[in-house]
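Next up, some structures in structure tokens.
After this come two complexes, each holding chain A, first together with chain B and then together with chain C.
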Partner chain A sequence: MMADKGIKRSSMDNESSSDPKRAKTDAKYNKYLAHYDDNDAQNGNGFSSPLDQLQRHKTTAEQAAKCEDSDLNPWTGQPHSQQYFNILQTRRNLPVCQQRKEFLEMYHKTQILVFVGETGSGKTTQIPQYVLYDELPHQTGKLIACTQPRRVAAMSVAQRVANELDVELGQEVGYSIRFENKTGPKTMLKYMTDGQLLRESMHDHEMSRYSTIILDEAHERTLATDILMALLKQIAERRKDLKIIVMSATLDAQKFQTYFFGAPLLAVPGRTHPVEIFYTPEPERDYVEAAVRTVLQIHATEPEGDVLLFLTGEEEIEDACRRINLEVDDMIQESDAGPMRVYPLYGTLPPAQQQRIFDKAPEPLRKGGRPGRKCIVATNIAETSLTIDGIVYVVDPGFSKQKIYNPRSRVESLLVSPISKASAQQRAGRAGRTRPGKCFRLYTEKAFKKELIEQTYPEILRSNLANTVLELKKLGVEDLVHFDLMDPPAPETMMRALEELNYLACLDDDGELTELGSRASEFPLDPALAVMLISSPEFYCSNEILSITSLLSVPSIWVRPNNARKRADEMKQQFAHPDGDHLTLLNAYHAFKGAEQSGADVKQWCHEHFLSPRHLMSADNVRAQLKRIMETHDIELISTPFQDKNYYTNIRRALLAGFFMQIAMRESSNSKVYKTVKDDQLVMIHPSTVITSPYDWVVYNEFVLTTKQYVRTVTNIRPEWLLEIAPVYYDLEAFDKGEIKSALTRITDKIRRRQAMKGGA
Partner chain B sequence: MGLAAAKNKRKLGTDPNNTRWSRNTDTFGQKLLRAQGWEPGQYLGVQNAPHAEWHTKANTTHIQVTLKDDNLGLGAKRNNGNECTGLDAFQLLLGRLNGKSEDVLEAEKQAIEEAKIGRYLASKIGTIRFVKGGWLVGDQLTETPVEETEKPLETAATEFSTSSDEEAPDPVSKKSKKRKAGDTTQEDNEKSKRRKTDEVSSGNEGVLSRHKKKTSRKHRKEIEDNESQREKEATSASEDEVDTAVLNHKNAKKERKEKRARGREEKKEKKEKRRREKTSSGSGPETGESKREKKRRKDRDLTSAGEDLTEASPPVGSGASTPIGSGYSTPVLGPARFLSRQRFIAQKRMAFADTAALNQIFMIKS
Partner chain C sequence: MDPPTKAQPQSNDSDSEDDYMKMTFTDDPSSLTSTSRPSQPETSLQRRQRERREAEARSRVKSKAELAAEVEARREAAHATSLLTLASSSSSKPKSKGFAMMAKMGFTGGALGTAAKEGVKDDRVVEPIRIAVKDGREGIGLESERKRKLHEAAKTAGEATKRARVDEGEYRERMRREREEARLERQVSAAQKVAEGMDDERTERDAADEGREEREEKRREARKGRGISSRPLKSLPVVYRGLVKAREEAERDRRMRHDLEQSLSRLPTYEDDDEDDDDKQAMGKPQTQSTTYVTADDLDDEDVELNEFNALPMAERLQRLVEYLRADHHYCFWCKFVYPDAEMDGCPGLTEEDHD
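Moving on to the complex of A and B:
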């Protein structure tokens, strides 16, 4: 957290100087970087480093290699450990190492470089180090940043690189992810999530702390990477000293090159073996079924090698695992088939279980028997982000769950849809990591050619942009229309985002960021949640809203195993609040904290109550982080006593401060169908709710699209509150004719009458 | 499906696409965008940007997907053509009207026909597998079981046009390669202890040929890109075959010169055969082999020795890409969880077919 404060201070210095040139010189006086001032006399540290002889941006691969080979660590002056030399040996064998010279030559010549290297080429760990030996950050005091789309990757890669450089993680090499910062004053190389760099740049528009920014895994085209690319493109013109490397794992880097003013390209071949592709002659009737069969067939007839099966979601994966296990047991009983271990892999799986996929394949059942193998059933997280050695067979049904956003109905949902050709090739490539492999595609070649799109749509085209627009505004982007994104979003999506922010009062009517908007952007939350949190003191329940916000930002805390659904539901009923799910969440959280304080075994307690300890703890962690942000922004933390009869009413009203745009009204009495306000979508309340009585008005947290349209996490509210809390949105003049308008009109009349009576009395 | 299908009733609002919102030009967002110089119908972002050539429809409007609530595979249609047969003809007619060439039409028709027959066979009779037993070249290999070689009645061969072409000469190439390797070493060591070298050479030969196969495949893979991969593979495979066929002739001559004892050769042949089958059962990609076969095989395994398993597994083309599964990659068998159940049903059925057993069960005295 110390470091965080440092960032803020330094950024304030920079904000005061709008001139980029001055910002550069200011860096010298930057308190955060102050320790670098005595760096010229670094021999005060008591060691002379071979780096002293190097000249920045003029180093060669040989010089760097010499530094690496020396007995003393050039960065710390400590002697190198034996482990260091062991790792150095393997590092020298990486494909990317062959091109170090070429890379440096290109790096010296150009400001922006596009680097293509397949997974396994070593680019993520090595390139930042090559840059490190060339940038010599101890001379300039500027950092090297390398972004990763995923938090886990940022953490694990930073650890790895720290080992490779023989330094302690958090010292020379560190990482920074949302809610966790492991960097120190000595840090020269910083791995971070792309979102984190974006947050930092909100306070430091010139990214003046960095001399080089490496955008890794750019082919994944996450929302944050896309925006960073657009920002860096602008900054690169202002700051000629800033170097940018865009790293991608796919060969269609042309688009990146064109986008970055025709930047030069350096490609490193991966270390991959050929993969034989098989299609089915006819389409499948049931792809899960076909996938299970294919895995079994591979197990029965193919030689040694592990299997990777791609499916779409948790439920499907668990089901497939069960079926494969059953059939393999059968197969072993009836023939001399080898053993097979099946591992599921998906995002919400606890990390310990995720680690199991790296276990070795089982031994043959008896000596000389058929070899055992493992089968990993994964979502598309195994597509690019993970490297699992030993995979020889890939089974690809051609589907994945993808986020889709519809600005018209304002629904963001995860839907099963066909993958892209690029992603199908990525999947197939997983089979050739250790030796020639095979990829079984459960669709026809014709379907591959005709039904699959070329590239997966980048996230920016698939998301609600409210948060992004808020960030952009905070980043000082005025002209949203001509902001140079690689893939501009659909105009309607942009309009919806602007409209939502306007209603939330984050943008004023001229589209300028308001005070509230500026504060909301400080929270790493959706604008609606942030606004709810900021305005919660007005309702005397900011502590409770803070808890609810944290609980809504983590995956569902409810556990509902298939074999104990009924008991799980009964347990959930213990926490149930008749008015709705938000309050039920809060009750569960309070009970959890109570159990924690009473010294009970939390894990056991959670297990008994069918709650996820992991998600509850991470909610706890998020809560602490958010609390800190609230404190720095002087947002009061208050609650009313629990006995207060308005305790829950206050919370329900506070929910509306952020979620007044997510209201549904029951269509008619004795109907189960609700209609969303303004968008007129017909929805049902998700069966997971605790609500039993049919309320007329509800606020919902999310709109879920499955076979039916559902709203999930629902709480009962009163329509009068809407008129009171969000008068702009509920301006009856602007409403279209319909049941909702007439219902609201009736209520207005009622209020007016009541007030008239009061006035009369 | 028809009336028997599960009902999926869904109530739609009056304006499910919310076009009212999208047509409304007075929304805050639209006003703001227009104020910043956007015109309806334009992309956002820099006008005439160099990377705009990659822009797609997704940059103009939100991504539209169809809601998928079933497990239908990619490219499969709910009514996959086996109900309305007349549509095929109609499809062809439309194709003709659209000016497709006769060859293309003919090929399409062929494919439809083949699929139909395959489907019929699988659903009605089930497919029968044959085991490859060698190849008849001149009068040289008469020892190998003739009845089986003459009938390469591979379902796989009828089902994939690409693989069917090379299916026939395949065994030749394979065998000749092997024999060649075996023979050369044989010649060198002819005067030394025959038995031993025989064994050694045949051991080497397996490795050799396998190695050869692998490297050639690798090589091919590296040149080709995925698109044209299959056709090319077919051609290169056939080239290989020509080469090996020539070699094979030479071999035959050599063999005749050698005039080796018939008995020994027979022995060797057998050994080779067994090994080939073993490797093929191990390394081959699954040729068209439906679950039923596998089950049958498993059943047989129960009764017979382990050797049977290797022999029963289908032989495989040399490195050619044979797609997995039979014509229907999901054979008409019901879901996998019924597989074991299916076995009991089959056993029951067999019991019913056996009149003697039935008589016993019902205590009918004949």
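Moving on to the complex of A and C:
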């Protein structure tokens, strides 16, 4: 195009000057800018903008920077706010900004790019914007997607980037997470969870809405990111116009390069300082105790600087915080130590409390006194995803909680396990963000070398794949066996998933998606929940099952603070249904809705009843979303009248339509031990249950292995329902010999006798 | 019909009650009746008794520890059995549909996915990740050993019939180790000979200052010393004392054997009580027991220093010898060269690798 040269020259001429007004005079040769001087411009945005000088996939760093510097927002035509320029200044200081030119040059040349930058380099916020100025979505109408493993990250980063671009969140920049979509017709840059992009692609196999897909935090290797990578690898061959950026925070990016046909790599050097690493001479008898001791020792002997301690879970973290606080009080009184503020940090902590970790360290107690410091006691969420400045000391006991699914027993465990070497290095790196730091590893150097695995297992190796297999089938992946995943799962895991989907009638015997399976995949739910929901009208209780499904899809609504356990249990008892926890959840939800409708202060009401308003409201939101999906698929919403004696019975039966594979039978008449059907594992009912009677047969929502084996969220059922609702799974011919088979055989005989008697009468 | 239940396996047999429980509830119902009248069905009285006892066994509340052990054992047992072997085994049970579907997609065993390119390490998994339950707050390094053993026990119990395949890699590693050890041993004895030879030479050189005759005699003596010497073993440096000792022992054995072969029937020192003096004379034996074997005085003595030296690993012994030769003779075992001074200028270093 002739105009191209003109544009280029004009921008070159302007290099020396940052005044955007000068551009006007030079740019008048450009026919696209014919209306530049008039404010009612005719281009795509309805206003003239310095962007009009840019050409797609030719933008240089200078050009883009100039657009950013202009008085008017190039994307909206509105004047930039003062805050915008303040933020711009800090953005320009980010390490990644130094490499904007290099990035763009590489981006222009290649289809797939691997980008490595440590947490805090600014890659998550900046790279998508650099792409934005190069892809010019307002011309193409195609979006830029940036995936995040976590919902919270997707939301908060989108907000941040909206501020940086001086636009309203949900307009030009938006986010999309499960059960929440904040995007609009103007949206050009979309932050989303990796799972969300995966769900979207079920209806758009080519991902044709997007011109660029950025997979952020790929090093975390979430299940969805792994699947997306495999899909994108295929799509990239078909759609040469699609650009892909894989971003990782760790330097083991070579694996990504190899996987993506030897894609080029760009690394932003981190702004890190050296970290000195200390090991213990002997293995520790009690790592929590050792951790607390180490923190106190740091506080007593080390110079100023904040402490980050990694522990595994809420209970442990709260315990450690309490102990540190107590000891520090003593230290202040006895040895004139400085003040120390201790903050817990874990996933289920309310967001407001999570924010407190960014508070400044406390001032010295008196002028000239010893400096104060803060101590953050966190799970491994502080390992890569979060940047906390000021950390100089890291205490690493070497453990984290990991979810591991085993297809042989179908146990999903959440177990405290040793971290990987890569994780340990990440943790140590946290100490060197502001100045040279120290990392105290509470294990021996030999243990580090011998006992820690190299890399953390990616999620795909640790998960039940029923949902993934269903999604892949919907995505049109026929050959699951040779699907080119970066780390293919164990064959047995795949086999179990196929088998479970077959029992749920989502796949037929040939492995083809059934009508039910196709519908189930429309719901952002596990297959068992989806099938239960779809089948619920047959049991005349789809409204109630919808509520229960929503409640099971959010974190626990029950609040049980340590200092008020008894009160909390008493309150829960008000909602208790003798037949089980599913029904109790439903009662609590109904009471919540009742309180809401009566105009009561919902927060206050929840507080009094030891319920989490946050999770109840999010369940409410989930319910609304699921209801919409049900309506589009013509799934009837019906209820049995509450006065009907079968109201609860119907619900209990409906549970089995999805959860007939999660049944346990009591071992013997006065035992508390149950045995899971087919897998023959011994379990107890989780102490959180409301059930008091010793029922012989129960359905459970989840099987958890922590230090004991529990089934959680449990409801009483009748075994004859199993034979009726899931005859294929309960085909007694296929059962292993044992107590469960004998019990079921007795029941079959009984039913047969009863029918014979009826027939005879 | 089958008896409805059988007793739970008990984890401890110390209780006195366990006896009757073990005896009664076997898988085979005939064992119960066989003691009385094999062909007869059990009487109602017997049945009631049996049912009562079974109920008791079932109703006996297990202790927490027992329960935990059983839970764990059962989990480990499940985790030690591959679903693929279950699916492909020719049991009467219908085969897994999941397995059939995978077979249809072309699964023939091994890992999923596509094979890695050549030269790239294939790290695809074939088995699910093992679950290791950690209870308590022991730090890394304390627990692992115990857990590993437990898992292995469950696995061997599960696969008792299957022969454990000998790991090819492990076998190779062992062979390599053995060969390396043998090579070192040869080098040690070579170095010992060198050391002894050099020490002897030095003794001769020292003797050169004295008269020629004496030197001749010394040499003879030294040569004789090669056979059996009367100098105490402990005066020799420990590094090659073992060599000398072994040689002397061999020499003694050789002489004894020789004497035995030369004598008419028995070892000359043998004392036969039936023989009187005349017999002895007739057999050509001296009246008194004068035949003794002159060996190093302390050949049979306990040599602590030598035992300690021999307990060292082969590589360490070799190292000690190399050092001895360097210090005492400025001789490098690897260069095979005697250097003029202690600087040993020109020798690349102490180890064999240095000389590569």
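Please note the rule applied: the second predicted complex is superposed on the first by the 715 of 761 C-alpha atoms of A that agree within 3 Å, B and C clash if a C-alpha of one lies under 4 Å from a C-alpha of the other, contacts with A are read in each partner's own complex, and residues count from 1 in each chain.
To be clear about the criterion, a contact is a pair of C-beta atoms (placed from the backbone, for glycine too) under 8 Å apart; a residue touches a chain by one contact, two chains touch by 3 or more.
This one's a predicted model, so the numbers in the text were calculated from it and none came from an experiment.
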Subject >> Combined model on chain A where chain B meets chain C, clash or fit >> reply: clash
Original post:
So, A:Lys708: does it touch chain B (first), chain C (second), both, or neither?
Top reply: both
**OP:** With the two complexes superposed on chain A, say which partner A:Ile277 touches: chain B (first), chain C (second), both, or neither.
**Re:** first
Subject >> First (chain B), second (chain C), both or neither touched by A:Val411 >> reply: second
Original post:
For A:Tyr84, is the partner it touches chain B (first), chain C (second), both, or none of the two (neither)?
Top reply: neither
Original post:
Looking at the overlay, what does A:Pro436 touch: chain B (first), chain C (second), both, or neither?
Top reply: first
**OP:** Please indicate which partner A:Gly398 is in contact with in the superposed arrangement: first for chain B, second for chain C, both, or neither.
**Re:** both
Original post:
Taking the superposition as given, does A:Ser742 touch the first partner, chain B, the second, chain C, both, or neither?
Top reply: second
Original post:
In the superposed arrangement, which partner chain does A:Tyr647 touch: chain B (first), chain C (second), both, or neither?
Top reply: neither
Original post:
Which partner, chain B or chain C, is in contact with more residues of chain A?
Top reply: B
Original post:
What is the contact status of A:Thr301 with respect to chain B (first) and chain C (second): first, second, both, or neither?
Top reply: first
Original post:
Which one of 42-50, 114-122 or 222-230 is the stretch of chain C that crashes into chain B?
Top reply: 114-122
Subject >> Intersection of the chain A residues that touch chain B with those that touch chain C >> reply: 258, 280, 283-290, 397-399, 404-409, 415-418, 442-444, 446-447, 451-452, 457, 461-462, 479-485, 487-499, 502, 509, 511, 673, 679-682, 705, 707-708, 736
Original post:
Okay, in this complex, where on chain A does chain B touch?
Top reply: 255, 258-259, 273-290, 292-294, 296-298, 300-303, 323, 326-327, 330-331, 334-336, 397-399, 402, 404-409, 415-418, 425, 436, 438, 440, 442-447, 450-452, 457, 461-462, 479-499, 502-503, 509, 511, 673, 675, 678-682, 705-708, 736
Original post:
Across the complex, what residues on chain A touch chain C?
Top reply: 258, 280, 283-290, 397-399, 404-409, 411, 413, 415-418, 442-444, 446-447, 451-452, 457, 461-462, 478-485, 487-500, 502, 507, 509-511, 667-671, 673, 679-683, 705, 707-709, 733-734, 736-737, 739, 742
Subject >> Residues of chain C that touch chain A when the two form their complex >> reply: 2, 4-5, 58-59, 61-62, 67-68, 70-71, 74-75, 78-79, 81-84, 87, 93-94, 96-102, 104-107, 109-114, 117, 120, 123-142, 144
Original post:
For chain B, which residues are in contact with chain A within the complex?
Top reply: 8, 10-22, 27-30, 32-33, 35-38, 40, 42-47, 49-51, 53-55, 58-63, 65-69, 71-77, 80, 115, 159-160, 214, 217-218, 221-222, 226, 229-230, 281-286, 289, 291, 294, 298, 301-302, 306, 309, 313, 321-325, 327-330, 335-337, 339-340
